[in-house]
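For clarity, chains are labelled A, B, C and D in written order, and residue numbers in each chain start from 1.
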Amino acid sequence: MVKFAVLGCGRIGRMHALNLARHPRVELAYVYDVAPAAAAAVADSTKARQAGTVDEILSADVAAVLIASSTDTHLDLLVRAVEAGKAVLCEKPIDLDLAKVDASWARIQARDPTIMVGFNRRFDASFKALRERIRAGEIGKLEQVIITSRDPGPPPVAYIETSGGLFRDMTIHDFDLARYLMGDIQAVHAIGANLVDPAIKRAGDIDAAMITLVAQSGALCQINNSRRSVYGYDQRIEAFGERGMLQAGNQRPTTVSYWGAAATEARDPVLNFFIERYTPAYLAEIDHFVDCVENGTAPLVGYRDGREALRLADAALESMRTGRTTRLE
Amino acid sequence: MVKFAVLGCGRIGRMHALNLARHPRVELAYVYDVAPAAAAAVADSTKARQAGTVDEILSADVAAVLIASSTDTHLDLLVRAVEAGKAVLCEKPIDLDLAKVDASWARIQARDPTIMVGFNRRFDASFKALRERIRAGEIGKLEQVIITSRDPGPPPVAYIETSGGLFRDMTIHDFDLARYLMGDIQAVHAIGANLVDPAIKRAGDIDAAMITLVAQSGALCQINNSRRSVYGYDQRIEAFGERGMLQAGNQRPTTVSYWGAAATEARDPVLNFFIERYTPAYLAEIDHFVDCVENGTAPLVGYRDGREALRLADAALESMRTGRTTRLE
Amino acid sequence: MVKFAVLGCGRIGRMHALNLARHPRVELAYVYDVAPAAAAAVADSTKARQAGTVDEILSADVAAVLIASSTDTHLDLLVRAVEAGKAVLCEKPIDLDLAKVDASWARIQARDPTIMVGFNRRFDASFKALRERIRAGEIGKLEQVIITSRDPGPPPVAYIETSGGLFRDMTIHDFDLARYLMGDIQAVHAIGANLVDPAIKRAGDIDAAMITLVAQSGALCQINNSRRSVYGYDQRIEAFGERGMLQAGNQRPTTVSYWGAAATEARDPVLNFFIERYTPAYLAEIDHFVDCVENGTAPLVGYRDGREALRLADAALESMRTGRTTRLE
Amino acid sequence: MVKFAVLGCGRIGRMHALNLARHPRVELAYVYDVAPAAAAAVADSTKARQAGTVDEILSADVAAVLIASSTDTHLDLLVRAVEAGKAVLCEKPIDLDLAKVDASWARIQARDPTIMVGFNRRFDASFKALRERIRAGEIGKLEQVIITSRDPGPPPVAYIETSGGLFRDMTIHDFDLARYLMGDIQAVHAIGANLVDPAIKRAGDIDAAMITLVAQSGALCQINNSRRSVYGYDQRIEAFGERGMLQAGNQRPTTVSYWGAAATEARDPVLNFFIERYTPAYLAEIDHFVDCVENGTAPLVGYRDGREALRLADAALESMRTGRTTRLE
């Protein structure tokens, strides 16, 4: 049994806490949130103890800490937890500032910490299968990847304002997926737009984007993003190679299709958002992290992956500002 | 060049005449209809001569006659055309009376006539491919066939009254398809119902049916029929075997699909009726018949096939009346 | 919290026990099996106590009993459990003998027992949604139902020998589904065949079947069954009505499709068998039963439903023997 | 009847000639090719006269000229034909040199010529339906377009060398499609790659590309290209808007799908190349042009459309060279 604490009991922290509480090899010992009521609610549902401070958790006998607090606190909590000897599963992004990410790594690197970043999509059964089939050579050399990633609706403007912007907040998942499928990236081009909600523009962010990546292998990748998709959370991958193509599509609550006078084979809207869509992925993510903590093995998605995704987001921002393709050394 | 005449210039006769007129190895020489205006209209569109009588055609220098007149005239015209030395492409059914079908055969058999029955579905590219793939062993031994055959809407009651009933008029295509895929049939069970239009019941016919066949090979087949399908002309086959399954589906005017808040991947209604759905099949059917006439070879679907489909329709009628499975010797 | 015992710890009993052990409103108190080792293994995984006898359970303070023992013991255990005041969730079929089913009911009826029969498919999200959309009028009057139900591979012959035969063991699910969608049935016709495994024939059973039902509403239904389907557990429903059609299709482990030189849009094999395919349905089934026990409400699928499905199986057997459509009064 | 001549009897010229010969309102009077044997073969199949020179055609009584010769002759023939008073249907691209395109226009503009450019995809039923549904408001404001366009295999290197390069030869169709769907374009970014065939690189061209466009409306577009797609000629459009999405997919020779132990729902490879894929589009294109010639109306895709597509190709080339987004004034 691995003793866990959850820091941050908002929407995603609560989901993780409930998943941990049901995991057969986990004991969820503590939960914490800056808003005590949020932590209390999760404690009630899970038999975990509500910690009064982060330090109470860091000095307690817990092996692993899951960080799901607000983005601006991720890196500080991660460093403190590592220094307290804990394994860390940290929600994305690690931070919004690449320099700080590198400085923190310099500080904790020598400890050889067990750190995993919550890029949940790597644990999606379909995306994993797609990657394994690429690796197994089913489509030969990988040449093109198309990633479609559209949220069902925009978050509140207050969220946008502290999010670090679309690339660091939303596309960061797609940047990681691109690396997951294609390896490291050598060039980035990005065009952003305000097509969805004028309030997002007023907040200084974009709400739609098209990004092109060139992998070090030479393969090409297109990402398209939108903060609004009326038919649900649109999450698709197409991988094209010399011997064929693999596609991973959307998921729906049922298999029912309707045939009527105006339309045929009409299916349900796709699952609405990340918690519904990636439920099994979140469970698999935790399961993998528990394995790593138990066995002392390195997580499949580590600190460097978190850092590289952020670096791609920064490169995309620069490209959007300059109109130039950003080359990564 | 094969010189043709068309007898019967209604909806389907007109379509055949236009197809013949455009065929590169055909000269459409004559058209005829009991309603002279119908023949005149087709003659206008095709440069064919409008014949005043059937005899004018039978005594003319034409090699082949396409019979698309009303069902009750098919067999008489077929016999007369054969006796005049013509090759015959006859619309289904040959006749509604099995005894007459057999008597006519006895009369013309010695001539070894070139007779083809217009079971157009045998020439559909998808159904043909499905059959060829069964024959090539792709699904191993064929065990089950499911045929879905639903018209978009019922014909006029006047048509129903002279149609010979649903089994002889509509299911006859499915009986032939079953034989095309499975070979000869040893047993038939049928249940009919009046679900669509009370006027059809008053006319003494059914408008929906479920039929089960047992092939001599032991394979089983289910046919379902309806005289009304709001999403278009529903024409599907499923062939299930020891090593897999093949399905042939419906066809639509475009590949466009729609994703909206209420439905996703919604496609067009399927092609509406036989002329739209089977356009390429009708062309291929004529092409095959022209080949047969030119080369003196036997059509893939001959008099016996027309007779056997009618025999299955009769067996289904008997089963519906008695509630028993009809065994064919 | 509802205290439960599980009788029978074979494949399906074990699955139910694990599901109960994880249910937030259930305490799995006891497990029992005639083979003590099977019960011990389940007890180990669940913290339930292993009972030495059934009576130990029936006299204990448990509110509900789940019966997943061998079919020939179902009815006796059900009656004893009811007489001990327990709510009962009984796997299908209740029994193989309709007379005994009716006699048992006469004995326990006055107790107004809470009895649910394990027709898991009623709890499948897709089948439920299909039914609700029929009821909501989306396709108007329901006219035709096509149920495809093919197991991935045949069970051991030893199982076949005590199974009661294909209709009572396998089709019984489809008979219940037909009633779930169409209401009570007035006529049954069945044709069975031996297409899959000669050993099944030697054991006196069939391994493929095509069944036609007529509902009291006049609607028609076709069921097709096979004991072997190489592409997985084939479970589909098509509901056709005056204003459209609803289909519920198969489920796959991923959404990945493959496009290559020989085939395009190729999907995974479908989920292999009932435990994989109906995992969420089994959970929903238990959840519904727990609700019924807690609230004293009647389960959606009760003793009469178990009885009617068996009656349809018997009618199908009679039809298969006689070649006649069996009418149910 | 419109009298036509066809200049250029290679693969696509031959196809157009045969289509014209079968058109009910067209008389195909002349065909010409610099290789007399090619023209003779087409003349044989069509009853057209083989012209000895272009001038013989230009001075003859023909109303319309279809130009399907090699790209470097398009513009000269177009100008000469216009100056001879002919209507012109010219295969794409008009020319490879934008300055010459503009100079030629200056020369012929005053004649108000009937000129149509052979962007066949505008006449594809699915793409047309998609555009009409966008215009009808079905997905609200159009925000994103994804165009997938991959040839089944690369052309001979000799062709590549005179083709003007991938953007002017192949992507030019996609540039036109983008304008067809989104209107005029304000910015272009392109990344090219050599992933398919080293011989293409040696010939100085790329064989894969990813292009991003920004329309004047603000909408975004991604195009992906490859010179090789083993599953056939991949031609898809996705149009995403504020109220939904429309997709137009690939086409196959049959509707047959295969379900086996290793794959399910596997479909045929898609139609192999432009002549098969766009057969009905080519017919509709000719039909539209005949309408324009008969009625004196302006073709839906005129000289300016040919010029704009070329301009986008040039902008893409510049972006590829500089790494910058090219802005179009």
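Please note the rule applied: a residue touches a chain if its C-beta (ideal position, glycine included) is under 8 Å from a C-beta of that chain, and two chains touch if they have at least 3 such contacts.
No experiment lies behind these values; they were computed from the predicted model shown.
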Task: Chain separated most widely from chain D, comparing mean CA positions - done: C
Task: Winner on C-beta contact pairs when A-B is weighed against A-C - done: A-C
Open item on the list: For chain A versus chain B, what separation do you get between their C-alpha means, in angstrom?
Closed with: 58
- [ ] Quick one: report the Å distance separating chain A from chain C, using the average Cα coordinate of each chain.
- [x] 40
Open item on the list: Residues of chain A that contact two or more other chains, please.
Closed with: 230-231, 243-245, 250, 257-261
TODO: Provide the residue numbers of chain B that touch chain D in the complex, in ascending order.
DONE: 22, 125-126, 129-130, 133, 138-139, 243-251, 253-261
Task: chain D contact footprint on chain A (complex, rising order) - done: 141, 143-144, 146, 148, 150, 187, 189, 191, 193-196, 208-210, 212, 214, 218-222, 224, 226, 228-231, 234, 240, 242-245, 323-325, 327
Task: Interfacial residue positions of chain A with respect to chain B in the complex - done: 230-232, 250, 252, 257-270
